[in-house]
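Scrolling down, you'll hit the structures one after another.
In the two assemblies presented below, chain A is common to both, partnered first by chain B and then by chain C.
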Partner chain A sequence: MSKKAKVKKVKLGKLEKREARYGYLFILPWFIGVLVFLLIPLVQSFQFSLADIRMTPFGRLITFVGHENYTQIWLEDKDFPVMLVSYFLETLLSVPIIVVFALIIAMLLNGRIKFKGAFRLIFFLPVIIVSGPVMLMLTGQGATTINTMNVQAINSALNQFLPQYIAKSISEVFGNMVTILWYSGVQILIFLSALQKIDASLYEAAKMDGGSEWECFWKITLPTIKSMILLNAVYTVIATSNNESNPIINIIQNAMFAGNKGYGYASAMAWMYSVAETLIIGIVALVLVTKRDAYDKQVKKVKKDRVKQNRAIKRARRRGRRNDGKIKKALNSK
Partner chain B sequence: MMERLKKPSILNKKINKDKIRKVLKGSREKDGLIKQIIVYALLVCIGFIYLYPILNMISSSFMNLEDLLDTSIKWIPSSLYLDNYKKAALNMDYLNSFVQSIIVAGVPTVINVIVCSFVGYGFARFNFRGKKLLMAILIFSYIIPPQITMMPTYVLYADLKLVGSLWSFVLPALLGQGINAPIFILIFYQFFRQIPKVLIEASQIDGAGYFKSFRRIALPSAIPAIITVFLFSFVWYWNESYLTQLYVNGVFGNGSWTTLIVELKKFDSGYNPQLAMVVDGAAQSNNESIRMAAIMLSILPVLIMYFVLQRYFVESIDRTGITGE
Partner chain C sequence: MKRRIALLLVLTMLISALSGCVFGNNKADKGSNQTPTNATQGSDQADTKEKNEQANSNEATVSTGLPPMTTEPITLKYLNFDSEVLTKKLAEKFMDKYPNITVEVEYINVADFGTTLLNLINTGEVPDAFMFSDSDFALSNYLLYDMTELWEADPENQNILPTINELKIGYYDTDRKWATPIKFFPGIVYVDKTVLETLNIPMPRMDWTWEEMIQLIKDATDHTQSPAYYGLGAYNRLDSLYGIAASQDIKGEFGWDGTGFDLSVWAVGEQEFADLKLNRYVAPERETQRMEDWLGDWEGWAGASGRVAVMTEAYWTYMNIWDTPEYKEDAKINFVPYAIPSVDEVDGVANTIATLDMGGISAATKHPREAYELLKFMGWGKEGWEAKMEIFLDESITNASGMPLKRDSMPAPITMDEGVWADYRSLYPTNEEEGPYWDAYFKNCTRPVPFGWMSIAGYWTFCDEYFNKLNIHNLVDSGQAKAADYAAEATEKANQYHQAAMKQYFNIDWEPTN
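And then the complex of A and B:
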């Protein structure tokens, strides 16, 4: 603790100062961009969401209305709340599917496989060609549903056991299986390169001790790539949320230019949408965040104890000194 | 193997059994046949599911109306029918939109590469106060959905009269806020960190300034990263239709720019009735084949790019360095 404080007190040298200045210079364009296109719009859009904005021939007319936009969306809009809930459920459902699926493919590709390059090429292809209109049109023409994959039986079974809105989300996930798989290209590659970086000697050692491949997977592979799972899950949430085949963002855009809604209304929608997305990311992170292992925990505990002890000693000394002063005073006054 | 065959014939049977077992279940050096079959079967099946929509699209884009209605024809059209492509191309004003797409995707991409490499170098090479906070902002800016900043940005562009011009894409790119710019900055950051600092210091001792050492030493060694960023940025700008339609094309289609993807989005509404086929005296609107041909035409350029430069695309993930050292 005290060492760190000392380092900070040392003044930066001339060269370091100059370097820091140049560092700021190099990132200056980006920083201006953050101000102009991120922070200021963020504040503005929050203001917008609390206001009613009308386009008049004389310019924008902004009147402050408080939380009216939000209440209006929840009470009067017939599409948005439903969409938001189903977006929430569908994303929560499809994220694990995509991540697990990507992991399986990556594991398959990680072995000694011929035509590895060709397979990698196929699985990454959707990342290149997927865009909102392409996706919408392909689904519209039924090109993304494989006829042989009959999901009717699953659907009817689900309807019996689950409440309707959950069953609907699940069956939608099944119906759009191809679409979901198409969003796992990047994740496959991330997993693949993570798997290739695991030290092969770990597996050898495990096999020496009689570990099966199943055990190796749970005890070595999974713990090693755990952080990548979190990364992939978060990436999946972001990718599917900002995707144009997601109906919500189209609703927001339409609301922007609708006569009876306008910017304020759309901003309020965007804010709620972001809150929902953040919530999903939060849930994902909460589930997947890596717990420290036992050794780390103990080390931390010892350190904490030491800090506590030091503090106690200092306190005792300080008290001692104060008491010294009191005693001296008392002695002097006498 | 030859040695084993020479062994007495009494043992032959057992050896054969062992051999079969070895082939099926595998040994330490080689995977077993069973496992191999399962793995390949799974990969081929999943690969088929992946390619299914694309194959479907290609096959039905060549079908004429009779083929389309004929239930006995599923995959292979009876003849190579190219009229769909002609109609789709005419409808999308292909040549014009193609050239414009390249400009709309290309110009911001070049700027993106330059600015992101610059900023990435700043983050990687220099130490300054607040660096960690700024990196956190960088990642935060990727996480928040663009819809939330869309309205104020649109208002800003409208005030500056930039809606419907290419400036609405160039300006954010110039300030390091182009599409997915945080990822590109991180790629460059990762790359420039791997360049030995000594190299840059040596150039500075020889009299190069900070900018010169960036341009002469750091940039040339980051060519793989530059290629990766260029390709991805191009593809993402090419495929972007939401923001393109809003900013560059103009919501009411009043902008002077259009792209293939935006044209595809408007495909059905913009279909010219004069080009529609006439069947039994009634004008048919777009049929499935023409739509498929339109999709094919709009993704063909990136598809070709992908197959030619596949190495750079597929290896890009390793380059980002997100999976650790």
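And then the complex of A and C:
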């Protein structure tokens, strides 16, 4: 057979068609939402970033300026590039702190302790309470810093062997330690639900084989919840980046109303910011993305080897047939 | 692979289609290469103006010099961050006067004002008249209608606070009137009579000079007592007051005299204030360890301590806080008002810094004449102020917290009408002890000079992008730097920002000539 046999497409029955329609109907609101509230604004903001925009009473006054806003940000704006770099470093530093803290708390809350529900509530409370004005008030009163931690000393120590902007970013993380830890409420919940799904028989089996708690954590808990670590890390990057107390968000908002900047300039800033944010998410994904299971790898390797072997056999057979033909021809001619 | 290419093509198409939507909807862009400015935007007003003038040409011009108001039923929208109760009551009175006009008043918190105003403009719901929080915002978005003809034709505008016309406030260094003050909070310095009596220091004369004020601050500081007495409690920094008090030729902050900035003037005031702070003549600020040490209360306030001789507080603080039994009778705090002193002796009333909130007519309004009248009624007009006085005098009219409106950041009249001022004066103490101080104060506060962000193009951008980022106040206050060292560079920068703003907003090539 020279051609592969065509697979006949099976037409959907009435029931399946109806179910498919229901499916589309259910995801329609999401599609509309994405189109209206995500895609259109996204494209529009990119176009705004290439223009000088004034919101006059006669309508939007749009003057196309090409990449001028972007070059102005990088060459003339004193604050934004510096803040972007420190945001980048601070986020990369604070994400592991939040995720590890959330994991530890989740494991403690998953243990056999009294008033488990009350403790869970306490750790989730900041998510509900600590917003906008409350946060500003607490920050103003110095409640978001650990008083006994001498941030100045940390900063001067780091300054001795690190460039100033890196040292500053690291000491900022120490200075806002309480705030950073407050951001871990949702992550604790996610870890908690992942921990509760781990099959208890795995631990039983490990313990029967003499495995310690420490070994169980590294060999069972951590590999099982690895995908949740990635989820939490990505969530943390997005939550801290989009937080209203983030100074970059304030800078972008102020640029919208500044006499010499406007919506176009602010849009360009927002795009630069989103690129930095995506970059961080990329780095996080690169570090934490779950690699394929060892067993799966083995199976795939065996399959590949089998295919190779089959090909080699086929090649040998073809060669044999060709050789047979040649021998027959030679015999006949004789 | 094919699927990916198809997806990429669909995305490209989508982006191009939406591109067309955004750049195609460029309503305000007339397709010319001309740089848009407030002046060219003004040409868009021509249609509206022409119609307005045509409508009026058949009718006799009324005695006021202004074209008459329309008799057609129309609706005007007024956006503000004033008192909500007051503006709604005023709108009712305006509608009583002009039954054919419906006024929709919308109050927006000042913090969200810019965002809301631009959102309304974006959705086509442009208000006909509005307040604004800083001039750069209004000018850069070409929001303002050129009200020169209306302003200059209105004889009532000759009987308002004289500096508004003399300093051409709202002209922004052009020959056109774009905006005008609609709320006036005079500059003020409070002196606590009780403190001076306790310290056995005589009250200063009402037409005191800057030097006398500084001397009083020094004399009234006494750290031997517990809690200590401080000469000055500063909500407003002295350099803000000094900038205008330094010379009668100055028309705005940072030594602005109409031809350019000169921050060497500001530097003198800044340094003097810093020296007072460093030498502990100035009371501690709220939420500081020094405040905790002084009054034993982290959140304490110098104005409630009864241990401060001179306070540079807001004009409304007296009515809102100090004119209450809790302060006057219980705490025996008895602040009386003084006009901000001038550096040199001045014949007559001196110019003083004041808060002047600005208002304007929308460049796109279809009813500029009527919008002007509404803005005047809400802001500076005599009739509007007569209506306001009825409201302020009626203590049954209260705000959402149940406070009479005279105690809810009540402004002072912009009109100089004697009847209005007499009514207004009656709201403040008239007794023998305090009355003479208020009489003298109201006589001496009528030549206001607005803060820079209300009257000078590019000023706010300069502060936001340069001045505030230098952290000058903290550096000078803590003795780490001298104000004079910054003056030359800051002057140059301020002029640069003004120059760029004049070009962008009005297409005017401005150069400093001072």
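Structure notes:
Note that the second predicted complex is superposed on the first by the 274 of 334 C-alpha atoms of A that agree within 3 Å, B and C clash if a C-alpha of one lies under 4 Å from a C-alpha of the other, contacts with A are read in each partner's own complex, and residues count from 1 in each chain.
Basically, contacts are C-beta pairs under 8 Å (C-beta built on N, C-alpha and C of every residue); 3 or more make two chains touch, one makes a residue touch a chain.
The structure presented is a predicted model; accordingly, all values stated were derived computationally and were not measured.
On the superposed chain A, the positions of chain B and chain C overlap enough to count as a clash. Once chain A of one complex is fitted onto chain A of the other, the partner contacts of A:Leu93 are absent, as it touches neither chain B nor chain C.
Contacts of A:Ile283 after superposition: neither chain B nor chain C is touched.
In the superposition on chain A, A:Ile40 makes contact with both chain B and chain C. By the touch criterion defined above, A:Val173 lies against neither chain B nor chain C after alignment on the C-alpha atoms of chain A. When the shared chain is aligned, chain C comes close enough to touch A:Lys78, but chain B does not.
Measured by the number of chain A residues touched, the leading partner among chain B and chain C is B. By the touch criterion stated above, A:Arg60 is placed in contact with chain B and with chain C alike. In the superposed model, A:Tyr273 lies in contact with chain B only, and not with chain C. Residue contacts after overlaying the shared chain place A:Phe257 against chain B and chain C alike. Shared-chain residue A:Phe48: touches chain B and chain C both.
In summary, superposing the two complexes on chain A brings one listed stretch of chain C into steric overlap with chain B, and the stretch in question is 116-124; the others among 26-34, 62-70, 116-124 or 224-232 show no clashing C-alpha atoms. In the three-chain superposition model, chain A touches both chain B and chain C at residues 40, 44, 48, 60, 140-141, 256-257. Against chain A, in their complex, chain C makes its touches with residues 14-15, 18-19, 21-23, 25-29, 36, 41, 44, 114-115, 118, 121-122, 126, 136-137, 139-143, 287, 362-365, 457-458, 460-461, 464-465, 469, 500-501, 504-505. In the complex of the two chains, the chain A residues touching chain C come out as 39-40, 43-44, 47-48, 51, 54-64, 78-79, 140-141, 254, 256-260, 262. Chain B makes touch with chain A in their complex at residues 30-31, 39-40, 42-43, 46-47, 49-54, 56-57, 60, 115, 118-119, 121-123, 125-129, 131, 134, 137-138, 141-156, 172, 174-177, 185, 210, 214, 235, 238-242, 246, 251, 261-262, 264-265, 267, 288, 291-292, 294-295, 298-299, 302-303, 305-307, 310, 313-314, 316-318, 322-324. Residue ranges on chain A touching chain B, taken from their complex, read 16, 19-27, 29-34, 36-38, 40-42, 44-45, 48, 60, 105, 108-109, 111-113, 117, 119-126, 128-134, 137-138, 140-141, 143-144, 146, 177-178, 181-182, 186, 189-190, 192-194, 197, 228, 231, 234, 238, 241-242, 244, 249, 252-253, 256-257, 263, 266-267, 270-271, 273-274, 277-278, 281.
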